[in-house]
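For reference, chains read A, B, C and D in written order, and residue numbers begin at 1 within each chain.
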Amino acid sequence: MKVGVLTGGGDCPGLNAVIRAVVRKGEQEYGCGFVGFKDGWRGAVEGRTVPLDIPAVRGILPRGGTILGSSRTNPFKTENGVRDIKENLAKYEVDALIAIGGEDTLGVAARLHAEYGIPCVGVPKTIDNDLSATDYTFGFDTAVGIATEAIDRLHTTAESHMRVLVVEVMGRHAGWIALHSGLAGGANVILIPEQRFDVDQVCAWVTSRFKASYAPIVVVAEGAMPKDGDMVLKDGTKDSFGHVRLSGVGEWLAKEIEARTGKEARTTVLGHIQRGGTPSAFDRWLATRFGLHAIDAVHDRDFGKMVALKGTDIVRVPIADATAKLKTVDPALYKEVGVFFG
Amino acid sequence: MKVGVLTGGGDCPGLNAVIRAVVRKGEQEYGCGFVGFKDGWRGAVEGRTVPLDIPAVRGILPRGGTILGSSRTNPFKTENGVRDIKENLAKYEVDALIAIGGEDTLGVAARLHAEYGIPCVGVPKTIDNDLSATDYTFGFDTAVGIATEAIDRLHTTAESHMRVLVVEVMGRHAGWIALHSGLAGGANVILIPEQRFDVDQVCAWVTSRFKASYAPIVVVAEGAMPKDGDMVLKDGTKDSFGHVRLSGVGEWLAKEIEARTGKEARTTVLGHIQRGGTPSAFDRWLATRFGLHAIDAVHDRDFGKMVALKGTDIVRVPIADATAKLKTVDPALYKEVGVFFG
Amino acid sequence: MKVGVLTGGGDCPGLNAVIRAVVRKGEQEYGCGFVGFKDGWRGAVEGRTVPLDIPAVRGILPRGGTILGSSRTNPFKTENGVRDIKENLAKYEVDALIAIGGEDTLGVAARLHAEYGIPCVGVPKTIDNDLSATDYTFGFDTAVGIATEAIDRLHTTAESHMRVLVVEVMGRHAGWIALHSGLAGGANVILIPEQRFDVDQVCAWVTSRFKASYAPIVVVAEGAMPKDGDMVLKDGTKDSFGHVRLSGVGEWLAKEIEARTGKEARTTVLGHIQRGGTPSAFDRWLATRFGLHAIDAVHDRDFGKMVALKGTDIVRVPIADATAKLKTVDPALYKEVGVFFG
Amino acid sequence: MKVGVLTGGGDCPGLNAVIRAVVRKGEQEYGCGFVGFKDGWRGAVEGRTVPLDIPAVRGILPRGGTILGSSRTNPFKTENGVRDIKENLAKYEVDALIAIGGEDTLGVAARLHAEYGIPCVGVPKTIDNDLSATDYTFGFDTAVGIATEAIDRLHTTAESHMRVLVVEVMGRHAGWIALHSGLAGGANVILIPEQRFDVDQVCAWVTSRFKASYAPIVVVAEGAMPKDGDMVLKDGTKDSFGHVRLSGVGEWLAKEIEARTGKEARTTVLGHIQRGGTPSAFDRWLATRFGLHAIDAVHDRDFGKMVALKGTDIVRVPIADATAKLKTVDPALYKEVGVFFG
């Protein structure tokens, strides 16, 4: 059996761990051969490949990024994209395709399987943790760990000076990274895209925090939005949900807090460091098990499925289940965590 | 309502996070007062307490250890232990008791509730992850992370020299830390207490690894045991399971490998560094949520229960469920991971 | 002998290590008593103190921040500031004063000693490493380590995507953090305040880097400035050197690179995480030795001096030597490092 | 000019950073070609080489180990070793040789230059920091950082339980790692090879520490030795200094402390994790600058020299200066640090 593998979308620690597990088990247990498609769906469309066997995956477990490269190419939006993929799968004699990616990449895999009968297995990937049908995705734990360590460091400044510290973390449509890192880091305010925030409420928490102990730390997801009246839009543009998004919400919020409370505020924008570097042990474990189970699904010819985490088990679900609906933060959970605000 | 809190058994990152969450929510939302019993059940027996309120728990979230201290005292093995506890609960006007601990500590709580009607809520704690009825316990992720980082570091030595590197990690009766850190660290052999190992098989993996790439890394749980014929017992003593345990299995195994393969071998014994220091973000999240739900259970007067993780939810289970049976590594999971051996 | 201690200026990992060493040796070896002045010179002016003895400094070695608090108060710019300090030193029977701080704090100490005969000993502190008369200051190694780790993480994104990654690090007037972290992190361009940069040269490096291997990483000190013609000033304000400073140079540069090269660019602004958290082992060693030698200088009544690092030795130099002139990056050193650009 | 490069002796973080800097500057600025000799002097004797140019050194800066491999082969103890080296240098048309290593490797380079006129330049390397003529060697800061982090973690266990924690760190003949990490980690006892220790004194410190605050942490260098009367030798063997060395001093000491004080004691043996993994920013800076200056020395045909750190400068010294005498801990420095014992 010859298996194609590709990784799509944004960088995410654990991609290499998946690839390694797929190849290691596939070659060793099932006698599979492999073709790596370069830069996600683009490589499948353009027929660009990289050799993939056990020697090629040695030593990649702890490395961030992906040895296959990635892109955001969507074959359904590329002229003759699907036709070219089919031709390339035939040319390289690929019997099955493992697509590792997020909403977009998996959405393509689901359609290729459903509409064109291409034998696909999906592996969910997003540092944002916003895919349905799986408890967690790999990369998320690493991102939360990096953000938490940054927040930890800010506490000493907050203790020694009287400054509000605003940390902007990733999360355009879902606040998981903000919620987990904010709780783990002992932040005093956590703002997520799922709930528009009230700047006056934020300022009230900031003020009460100064009275109770020392300077507050505010964690804000990049996609968090103030209530309409609070905001003078400067460079907001409509996002894919039709919302006007605020660019640089962290910087904007710091200025608002300074203006409304009279306290100095400073911003940290973690940016891409949240999605780079070596994966955490949790993510390596999860990514490796996803890889082992993905090649099992291929071996079982159980196509159109995606591997997913349920408790401590890896299960298979229809790919379409993962992409049907964004997994956002439940209001009840946000309320649970809110006991630490202020 | 006045709530007693105690922590028992071995050190575990996340204990302080539980205490903080219990006190923060209890005082703020439910108007509870608190009494901290010093050094686990010993403090409850001897009536030694520490003050516990919101100011007392400020800043403890990222700190390892426990501000309440700990011990292995078992009131059922202490003269008049239970009687003294009852007197002290009355004396301090304690309406409910939150016991944070492992098998022993929770076992006491279960009996105090079942046999004496003492209103107890349990919070599971063990870095070994060997408690039933919960997907994970806090402290485990931190321990796995520390061991994985150590294994990562050994790879560069393994690549540059031709030495077998043996790492002894915690795990007397369950191999979870060895399994997770060994997989995440890319170890070539993982030995766990659940399955007696064959030294010749280990040596065969070691030898084949040298041929395939570079020097092998062997992760061995402290409770792992060779098959009977393999071992000349020097200072083994019978453990609580009636097994003869090998003291210093890592050092012993390194010597056997040297003798049988002719390759140099070196040992690292991580010891207590696995259970100290700041908890990982995952463990802070889990411990905090356990704390929030434990005080909810107290508020609901739902005694005899323990909080537990099921998927991404915190649920309540009878305390006795957790202590009924050690949660050991499933042979199927060990086999799944075994694809990376050798 | 009664010794006053204060910490001034910005947060810096290692401050607590100095305080602990001063108190531990002073009390134990020389029988000194201590008074901590709260929030730098402000506490000395206002007579606000904190108790300081061996129990008070237990456990603070690994903690960032300062148990004494800090401020930027300058008694020479405060009405009756010097008179109030003299009165408070008399009131608290202080025989000598240890001032731990940067250019401003030490400048005050130098004048108080020279002009008013107040017996001061200085300990140099700045994460920017821009104080003359000492090889290094504590805090700098920690800041460089944090920035380097961030750059390390960005490499995996740079490898997997085709994006320019700009990292803005601390350094208003001196480029030491940018230079050390940029070199240690394998950055492809390093921009420092000491030399105005040419945006076209930066873009040329960026472009050549894309051809040679993968996406480039640009490290820019917050105080770095483009050549005059390159810049359209938006919110620049004159700094203390009379220069117009660019606010948000990282964000600005990313936009320029996008506009001129057509490549996507992303920015990370590390901000205060560089000056928080636990000090590195190097900084703890240096800060502790500074503390031990500072109390020795007090014991020797060798006032008006500052402890300094020369090679592996701690020496004493006139405080004024440290503040006479900013220690900036030598052009020869910048050129040496430049071999890695592009 | 064609330059041979080799790395000898034990693993040390920073070796790859040196190699990268040598090749990058040599090829780019001086037009040099390179030959890498595999596994230290062994490769030079046996004529085994690896290709070495700018693409070969991309991405190796943050990696521990050495891409050239290493060994402890001494050509002067190998039959026809020197003759073979001369032949291989001629065969590969090598004009100069850069030897990166410790006492043994550099000793060979010094003799090859002095006795056979082979044009050698040395780069000092030892995690033990025991080479004379340089303030520090790269790898040492990384090792100290790893040991310090381990000690940090043990504090929480020491605070929560009443156990003596013994940490054995590297250092056969010099106590630098023990001294720096012990001080930085806040250990209560530090034992080094330079001064035989008195077990009763250690026990007295342990006992007084328990009284003053919480459980003590004892850092012991692997080469530390008790006074003669204290020791019952079990498996000691004479080392190269003619001393009987105690194998497993950490474990031995823990048992003695238990026997003499009645307190439980636990041991951690860090072993090879101290010499693996990514180098610290400090070590990358130092190693890179060593590499840049080593190729400068080759370009200047300044042979028989070694690069060395003096303050913040890189200087050249005769190779023989580095190997003449082991750099051990000065008794005055040990005394300075001793203020924290007990």
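Here is the rule we go by: a residue touches a chain if its C-beta (ideal position, glycine included) is under 8 Å from a C-beta of that chain, and two chains touch if they have at least 3 such contacts.
Just so we're clear, the structure is a prediction, and the values are computed from it rather than from any experiment.
In terms of the distance between Cα centroids, chain C is separated most widely from B.
Between chain C and chain D the centroid-to-centroid distance comes to 30 Å (mean Cα coordinates, whole Å). In whole angstrom, the spacing between the mean C-alpha positions of chain B and chain D is 35. Computed from the mean C-alpha positions, the centre of chain A lies at a distance of 41 Å from the centre of chain D. For chain B, the set of residues touching two or more other chains reads 152, 155. Taken as a contact graph, with one node per protein chain and an edge wherever two chains touch, the assembly forms a single closed ring in which every chain touches exactly two others. Inter-chain contacts occur between A-B, A-C, B-D, C-D. Chain A contributes residues 10-11, 13, 15, 63-66, 69-70, 146, 149-150, 152-157, 159-161, 163, 165, 266-273, 275-277 to its touches with chain C in the complex. Within the complex, the chain C residues that touch chain D are 24-25, 28-29, 58-59, 61-62, 135-136, 141, 144-145, 147-148, 152, 155, 180-181, 183-186, 213, 278, 280-282, 284-285, 288-289, 292, 310-312, 336, 339-340.
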